[in-house]
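Chain naming follows the written order as A, B and C, and within any one chain the residues start at number 1.
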Amino acid sequence: MEKTCTDALPLTMNSSEKQETICIFGTGDFGRSLGFKMIQCGYSVVFGSRNPQMSSLLPNGAEVLSYSEAAQNSDIIIVAIHREHYDFLTELAEVLNGKILVDVSNNLKINQYPESNAEYLAQLVPGTRVVKAFNTVSAWALQSGALDASRQVFACGNDSKAKQRVMDIVRTLGLTPLDQGSLVAAKEIENYPLQLFPMWRFPIYLSAVLCIFLFFYCVVREVIYPYVYKKKDETFRMAISIPNRVFPIAALTLLALVYLPGVIAAILQLYRGTKYRRFPDWLDHWMLCRKQLGLIALGFAFLHVLYTLVIPIRYYVRWKLRNITVTQIANKDNPLSTSSAWHSDSYLALGILGFFLFVLLGITSLPSVSNTVNWREFRFVQSKLGYLTLILCTAHTLAYGGKRFLSPSTLRWCLPSAYVLALIIPCTMLVIKFILIMPCIDKTLTRIRQGWERNSKISSALNGKTDI
Amino acid sequence: MEKTCTDALPLTMNSSEKQETICIFGTGDFGRSLGFKMIQCGYSVVFGSRNPQMSSLLPNGAEVLSYSEAAQNSDIIIVAIHREHYDFLTELAEVLNGKILVDVSNNLKINQYPESNAEYLAQLVPGTRVVKAFNTVSAWALQSGALDASRQVFACGNDSKAKQRVMDIVRTLGLTPLDQGSLVAAKEIENYPLQLFPMWRFPIYLSAVLCIFLFFYCVVREVIYPYVYKKKDETFRMAISIPNRVFPIAALTLLALVYLPGVIAAILQLYRGTKYRRFPDWLDHWMLCRKQLGLIALGFAFLHVLYTLVIPIRYYVRWKLRNITVTQIANKDNPLSTSSAWHSDSYLALGILGFFLFVLLGITSLPSVSNTVNWREFRFVQSKLGYLTLILCTAHTLAYGGKRFLSPSTLRWCLPSAYVLALIIPCTMLVIKFILIMPCIDKTLTRIRQGWERNSKISSALNGKTDI
Amino acid sequence: MEKTCTDALPLTMNSSEKQETICIFGTGDFGRSLGFKMIQCGYSVVFGSRNPQMSSLLPNGAEVLSYSEAAQNSDIIIVAIHREHYDFLTELAEVLNGKILVDVSNNLKINQYPESNAEYLAQLVPGTRVVKAFNTVSAWALQSGALDASRQVFACGNDSKAKQRVMDIVRTLGLTPLDQGSLVAAKEIENYPLQLFPMWRFPIYLSAVLCIFLFFYCVVREVIYPYVYKKKDETFRMAISIPNRVFPIAALTLLALVYLPGVIAAILQLYRGTKYRRFPDWLDHWMLCRKQLGLIALGFAFLHVLYTLVIPIRYYVRWKLRNITVTQIANKDNPLSTSSAWHSDSYLALGILGFFLFVLLGITSLPSVSNTVNWREFRFVQSKLGYLTLILCTAHTLAYGGKRFLSPSTLRWCLPSAYVLALIIPCTMLVIKFILIMPCIDKTLTRIRQGWERNSKISSALNGKTDI
């Protein structure tokens, strides 16, 4: 009664019930892998090929026929063929009439063709119902089962029943179908697998520019200046000392940039007296890449922590500490300065607590964690804890500076210490934020955010009250 | 043939097939955002409004009609209106008869009304089929696509076909529907978005109390005592030295509290001779917040690690080390004490290994990681590795104490060193656990857990053997 | 109109619509928990029991009948009974005819019986439609709602409509059904909950062997050698110094082993001139456990970082540094050696950057993170960033060695320093990789990977061009 396949495909169906047959045009890598997976999940698979006799390496249990014969076996035809070779499908128009064609193709470049492959296919064989799907899945992952990257399969199509059937197949294969609407979405779906971190691009450029600027600023102050004035070779500072100034400054600045757009938006809303006007595009984009900015800031903070903790292992530091000890022996008396102890301990403690909260923020932004909290909790963590982190890190930097802050003796070629630069944006932002949360202003802002408008027409005022 | 929307909504359906139309009552923020998303995903949307002419900012492609006209267009009506304004729906009872009303409302406070909004709606318009859904999703997230927090949409309703249709819509929008049963569940669903980490509350209070107590204990011993007896100002210890005692003690105690309820449960089962009696409520609650206790303990352990690693950077420590060196020069001879080297290295090594396993435990408790392991693996990690972590951390603390443990010279005002407090719960627990895993006791316990009862009636003994 | 259950089960359905009734055979822990959950989610549940009068602890709202009476109430019967007691079902063959039997059983050992429990059940009662499901879920998790481990429910069965109905129930209970095909898959499904990290076994054994070998290698060089020649007791090195050699070497070697199979595969493909031949089994297995190897390597790297950062806190190190200071006082003059500063700082900086990228790799391999990136991004991170990590870590080790590398003075009993061993595999691999990416070789390899074959027949050449 039961028939086991001979080769790693043990999952055939009982003959008592008719299995669904799916036809795959094309016997390339992807077609074969998809067929393999489908047979494994209980489908019957028929391949359509130009040379049915010469196709090799096909999964066990699959039939290979000519295109037109294969098409007659199934309602659903997966077109695993490059777009440039779609032409031959016009000849099969009659056989394909009314069938569901699944376009799985990808391009080599973003926006390579004026219209998406799926739309092109739909124009080519007008009698069919074209569904775009499976283009985000890799052949290797299908075959090996190692679906490490996305299990998401975007699907779109103009015929929702056809789309639903394809999405059912996706689900049966253990993947997650995501309905993207009509075939117009195909272009976006085809571009998706070609993207390389589009949301990360701007934050990465920004932080790269910031780092390079800060690096050269520090090189001028700490390598070139002593070389010019004291002929001292301090180039070794470029390995650890200077990065350990650049990274914390970049981290604090980027963290402040995460919360700045929220403040700007609040000022805009206060100024306009309504929330019903769109923000400028740059502000919208900025708001959408806050998570990325924050994570890059966390990366820099992590590097800062590591660079700081290796300090006592460094040859240079050990050499310096030895010299201090040696000179001290001459002086003999060396009482403990309680204020120095307080200063050193408090800025370290502030930094540790700030970093700890920063790591917490990072963990809650992991997709699986943020998916288990509700919006109130998410906002609490990202906003309340976020501001606390920013305050702690700013205080850490201020305490680090201590009395040296802006003292003229630290100026070199009129350049202040690098950490002073780190304080500009966070301090400005915290001051504005502090003004915004003062009761009188906060009340107005809250009313605006609940739908109140300074120059309101009747309708929106009413709606603002009645509707969610 | 295809018609692209002019404004960021490119995904209209092909006219060849009838799109499903959904009606949204209310043109507030949430109603508009939901409509926007629905149009994007291929639905046709009709808004119902009090003032159809005056509604603005609606998504492109949506129609606005009066309530009754809009309702006639669709089987499914989303009621995006505040509960206080539901009354007007009674006038539409005839039009709404037999239709699916989706209640998306939230309240401002937990348990604000005696009955849930959805049940109130169902009573108000008895002829309709009310489904509660979408209340956990934020308007901003829907519109911007940045669904960082929960994609979960809880749905409940008395009519399962209606509920199924709403859940299909949820799925099409790219969200995850979770069936919560009948409309009685609406109260819980409405309370959900108002919750702020309910499972974390007790563990956080507990650890806060613990930390405050330990902090004052250490302040008394290490700041007030030397001030009273030696007039020394040691207040700077409050920044790093004392937190670095408080955090590890809190971490170890909380970690022991994670495993304590399991031990108590085992004793209870042994005492009662059956597993078929419910545990007292406090034990049940304790067991359900073990994960949270463990993660807070991990947080403290992480802080302890950071505080420990900055030790050599601290001014006070450098000052002390310098003084030791200076005094040594007088003595000249200073042979390496192998036992001191062993002592210092072994407690550091134990601490590092304990922390490493603790981090592993933390990582496996991430939802996405724990979701990829089976129960046997999960229990292996959380129980076997967990106990190993506890043993290593307890050993780390014992080794840290070394010979000083309970020696009278460390008593100050009869108070022992703080780390001694850390050992009470873990050591007690490990001793009891050790007794429990002795073969004779373990055998009885295993039998009880497999369904055996000391004073068994026939039926349960039989069932215990036959049934799973 | 609405009826609330009295006991923690508030979710009964409205009487206006008929609820689906499900029958559960067996009133053991699992049967009861499943029944509890089903009632909570709106199903009506009837238990079948040998002694209906004597069953206790059943969820509120459930009925208990004799087996045959219970079976008549529902199409779907969940068999929550141990396999050894399935026999009695043959007597009920008539009542069960045509019904869906859900086998939820597990075994105690992998491959305990020749055929799976579900197949055995299907043979025993041939007229029924058997579906395997729910065996991966724990009773405690169902009842407490703490579904920390897998929510995945694997389902298989020969009748796809029956399977579909069971999967719908799974979905309603808030779990994730995964269709595994026909009943032949039941064996694998039954083995799944008994597995203990099968993919991790080989990597863990390998790294354990590696660590033990390296440990003894270092003990010979650093403990036994000085003891034999200088009668010095250096055993305390076994706590930190030696582990801190073993872990980084293991980390670097394992990281190189992650990328080695890719290089071997490329060489094989170049040698064979085609990608259409299967790799040897050992290579396939190696490729599938690369992620595990990498994560273990990351664990070792993390330990190495911790062990390195505690260095300045160690008694032994402080003692040594003091002695250096004391001797220096005699010599007086001790200029800063810029080259030493460069050397120390650069290997530390390389190590930090390498570790930072390594942590990034680790984070992107978290299931929830890797699920949000597309294949291009995943490959970019795992391949480009991975190679960069390997290069940085290898450079860190080379820089650590510095001039001492292979100098005869470091040999002890002809054994080179341990770090030299760490360099063998990574350096070999990087050299081969460097040769492979030279334009002439890379071009051939790319062509082969796009389907070109050195000794190609027409069909595959054509297919390679046309099909995906």
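In this text, a contact is a pair of C-beta atoms (placed from the backbone, for glycine too) under 8 Å apart; a residue touches a chain by one contact, two chains touch by 3 or more.
Chains and their UniProt names: A, B, C = Metalloreductase STEAP4 isoform X2.
Since the structure is predicted, the reported quantities are computational estimates derived from the model, not experimental observations.
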Each chain counted as touching chain B and chain C at once: A
Self-contact between copies chain A and chain B, residue sets same or different by half: different
Gap in Å, rounded to a whole number, between the CA centres of chain B and chain A: 23
In chain B, residues with contacts to at least two other chains: 309, 312, 325, 329, 366-369, 371
List of chain A residues in touch with chain C within their complex: 2, 4, 10-14, 16-17, 19, 26-31, 40-42, 49-51, 53-57, 80-82, 85, 104-106, 136-138, 141, 144, 146, 148-152, 171-172, 174, 192-197, 233, 235-236, 239-241, 243, 299, 302-303, 306-307, 309-310, 312-316, 318-319, 322-323, 325-326, 329, 366-369, 371
Complex interface listing, chain B residues touching chain C: 119, 156, 158-161, 178-185, 276, 287-288, 291, 305, 308-309, 311-312, 321, 324-325, 328-329, 334, 336-338, 340-346, 348-349, 352-353, 355-356, 359-360, 365-378, 380, 451, 457-460, 462-468
